[in-house]
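What follows is chain A paired twice: with chain B in the first complex and chain C in the second.
So, the complex of A and B:
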């Protein structure tokens, strides 16, 4: 009896995972239509139009990677995806997808209907990069334009990932976006992509930020402003601070400062009159990497002056960005509300329902600190003889 | 099975394997000629039997005869130590008593071992083992003179296990020489040798060797019991015995160890294990055997312990890699493509373009091809060896990929799996079987099948015993001294204890107070 029970138990242990283990299927690797990226547009009659970039490899000794673009329509995203089979011949495989580009029109209408399938399906990953097309169509980003790599979507992925040393666009993976949608007191941001003409060629360019309120697109801010936004969000991983003064006689030469490390602390305080003020303290470590003149900004005195002026510039820029967002969009992209909820939950409970209005008139106090660590390979400015 | 005629034949097969003459009825008589013809009869049809009659110059009564087999004896001993003294010595003067045979045995014959007997079976046993029979007119007894002198292979480095550092001698086919090699390493009266004879027709000598006070009595008596149960007509190699005495007869994993090196056997004896020597085989068996021993090379103990630990670790992981890597490749490329980095996915997909067989089939085929090559290479005459290389590398590797019969990654996986198999020669059979098993389970169920299959293998190993000792001894714990000789080889000064359970009788290898490391 006991042995029978043991055998049954063992069988159960082995069989249950067989049934419950979710998605598995024998597929040969060369029979997959690997989707590298997808662009989603609004089609006719309220349908969705998805444009899929499929990686095509041709084997043998000199294997070649190419991409093929197909466009399918469907009443829902999944419908469109499955309709793609009749065009591609292969079943589309979504686990290696890098980017999802959403057209401006769809983003304005709301992205939940689009992104639900990407979050829900077992094959799709939660770490796609999500982009919003600044132009009318998302499709054209994939279709038109030069590419460096064999596959355009891989190009875009590198572009996004290397933004960390430029800081002119945020990085948003799909899970972050859905998190921000769900979170209270923070609005979602997504990098913006556009087609850009350079040297007579049209190339995609990732620059600037699309600002969402709930799941609907409100508008865009440009690359420089994005950098300031990242400063506030404590998301700066690199990038430059440019110091340029014009006009005055004793103006400093223009200097490029490379950001090594930056830390921002946002602290809400309650003022005496009961209103809320956000204190933003940033501390940035930079290095002088370019000096556009022969004045000495490296010695003690010059460095002080440079630091001061850099602090000043950063401060005004942050302040003006906040003002702009407050007045133009009213969407709390900096997550001030979330911060308040964390630090002072009681206050937050009181203002939760009115947060939108409060944010528009929120007082901000910005303190910036810039430390110059070194001047790269040279200890002096270039000297100019006679 | 093959019809009626076959069946009638089968009924004629005798049920016992005894040779036709088990006991010799005849006895020795006083007549020398009768005795000689008795032996002639016994060995009729055997023309290697040499009969030499001779007589002393001075004493006519000393009419004698020696019998031996050509090639089995040292003729120098015969000529100078037996024939010459009896032939030319003045026996009439030297011999005083009546018992001429005894006088000859004690006073004349110059040889290390001379023994008088009347037992015909004993005489037959001795003469077939290279001794000389000495017959004397008028005596019902015969002398057995130890004149063994057949040619043996020189003691040389074993082909199967070479070392860079360590003793280079290996066992040969003579049991006596093999025992002497071990005795020379362990000079201690506690080293015991117990002889047995196995094989109804071959009368093969086997020897149980152990160190008293270290080897467990229970294991020793179990071993003797298992050996006594063996009833076979012939034992040609220790492999016969290995299969008779092993635990878990249906498992692909070996539960009896073997070695061709005296240093290895001596070290195992010192750990409390018991060795079984078999005459005619250079491979000496050791019991009990645990799985960790498959990865222990003798050189580990002679080299720097850090270097040894690296090697030990590589060897242990090689077996796991070789059973796992084809299955994991199959799982990842046919079930879980999302686990691959994108560039790898694309390059594997590219290499699979136009390959007609499923990954599972091509992996299985290539692994079989590898084993075919390995087997062909092992048993091939050396001059043809090059052909195997050409076939292996050019035809099956390069050409198969270029002809798109298999994809390049499959060839790489096969090669990796094959090479790692060879790193652990003792486990080769088990590795091949487990590898194929895991490949099968994976082909049904992906990575889940791999995990399931691996679990089944581990459970099987966990249930195994070798002479009462758990086969996975010391693999499940890192406490105390247990793990120091498994995945790594700990420094000698820390290995103060012998392996537990095996040497339960006396665990202490080093008394720590004498320890003088670092001086």
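So, the complex of A and C:
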């Protein structure tokens, strides 16, 4: 009896490792092609052409990180991804991807297929940044150009993340794009990337915004306008407000104001004639960080004048951006419709179907408030003696 | 045979985990979109009358399990017929729960591993637990619930940076219809599934405990479900209804600094444990019923057979994940309605009559 028990126990001990070690698809890290970034272009005959940057880590004493670029084509995104195996020999691994660059042509045709795959596949994570290439090709952004880091895609990620103190491009992760696509009354925006020549070198530059309607690209707005857009969207985390000398008699000197905090509230109201008006109230806290003259803009009187003039500038800029977007694109990138839907669902239900037309003629009332908090290290402007 | 007994606390913990079980990962109230949390509250409100019925049945027959109650009140033959129905329900529900787990692991973590492997792993552990008896399941739950709550609370806090409160507005924009529908589907999955606990709570100590256990556990688990639904809405917005496993995706959005991210698989532990308890309870009730049906001395002799059958059945019950979703959200509420509402109410009526009669006859006997 006892021996039978022992035999059974031994058998059990042998069986347990077989059951518990359920590594059907065990993969070593050096057998994986870890994808850092990917550029997606239109290939021939409506195919997708994907260019992936693969991180290669070589271990040992002087471990190095390098990157390698592979281009594959396929009828769908996933087809192209799997075709990559025949070029790299490794199965691409998508959990550590940082950026996706979509070519302009593809964006104009529609990006829903790209979004779907990245959201649907279990290996990809929907939290990486999406970019639209301003130039024709997305591939060259990854291929050409200098790198600061070992891996180009990591560079791009830093560029996007540090926009918080520049505010000239939005930050859009894939899932945000997907949410905006699904949401009513809001159009998606994506940062734009281009190749830029400086000091005789070509570097990628992230600046400006690509405007989408549904999943199709409509056009771009530049960096400065992007900042105004971020003001309306309440997405400003930092950046500068510039007061420029305009040559008038009692003009201010050029001043740089650094934004520390900004809050924007958008409230829809219904006017007496039944039309909809958006009230945009923005409150910004700034500091004087640069003064291009010796006029005193720091004392009470000068400060007030500076605040007023900054408020005025911001107001005109916001208004002109809204006008531009209304007339040129007609895509509700500010999410006015979504706001209306949240606050006044009944009104929204009435205008939902013709929101595009209504948005184009929507009235806005902009109120800006700029508060100067300090003047950095110096209490007074520089004095210019003779 | 020694009588099995569990304390009220253990019973509450088991019931809470049972209710949260698969709901945590499958998500609820998809029809109601951003009002799903209201559907959750509605589900609790709808569930309260029916758990009163369950507790009343239990308190009329202290120490008796579902099948004994059935044969006492409905007589031998009808009692056995209804018993077969409940055995089927418990068996089927257990299989569905195991399949949910299998699909989850298969889609999220191990797409190339055959779905049978995670299911048989879970099923074997469930068999061991059921063979050990209801006391062991109760004690396990009492140990694990604090850990589960801790994980849920931590995740809830970590995900706050990803909140977008505007996703919750507008409240009730689509009217009450979808919310009522969502509330009903929440009522049947998971709240009224607790009907199976009539087959477990024979082991409670006192007559009154069943009320306390049912109430406390339903409210508590309901509150957690509402909170988690709110979180999922605030994080996922319009994407919510399109996902198989919304909680998993919501948690995957957590990214604190560069280092605290990708914790969703760790969070799946909560789900694994919930599913384990739920399928074990189902298996227990099914085995108990089969034991009574064939007048076995001890239900333990048939646990392994039933358990293995349950695993095989769960393997064949759905053809695909799409079918699972269709069944869980479209069909299940109607399929389960007789088991959850109609039979218990009829049973209660019969039981009340029986008890009154007995009292009268006892009183008559005294005279």
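By definition in this document, the second predicted complex is superposed on the first by the 361 of 386 C-alpha atoms of A that agree within 3 Å, B and C clash if a C-alpha of one lies under 4 Å from a C-alpha of the other, contacts with A are read in each partner's own complex, and residues count from 1 in each chain.
As a convention for this text, contacts are C-beta pairs under 8 Å (C-beta built on N, C-alpha and C of every residue); 3 or more make two chains touch, one makes a residue touch a chain.
Just so it is clear, the structure is predicted and the values come from calculations on it, not from any experiment.
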item	value
Which superposed partner A:345 touches (first chain B, second chain C, both, neither)	second
Contacts of A:125 with chain B and chain C, given as first, second, both or neither	both
Touching partner for A:93 - first (chain B), second (chain C), both, neither	first
Touching partner for A:27 - first (chain B), second (chain C), both, neither	first
Touched partner set for A:179, first chain B, second chain C, both or neither	second
Chain B versus chain C as contact partner of A:58, first or second or both or neither	first
Shared chain A surface residues [contacts with chain B and with chain C]	24-25, 95, 125
Footprint of chain C on chain A - complex, ascending	19-20, 22, 24-25, 95, 119, 122, 125-127, 175, 178-179, 182-183, 338-339, 341-343, 345, 348-349
Interfacial residue positions of chain B with respect to chain A in the complex	333-338, 342, 345-355, 358-359, 402, 404, 407, 443, 445-446, 448, 452
Residue ranges of chain A in contact with chain B within the complex	14, 17-18, 21, 24-30, 32, 34, 55, 57-61, 63-65, 93, 95-96, 98, 123, 125, 154
Interface residues, chain C side, partner chain A - complex	107-114, 117-118, 120-121, 124, 166, 169-170, 173, 236-239, 242, 249, 252-253, 255, 262
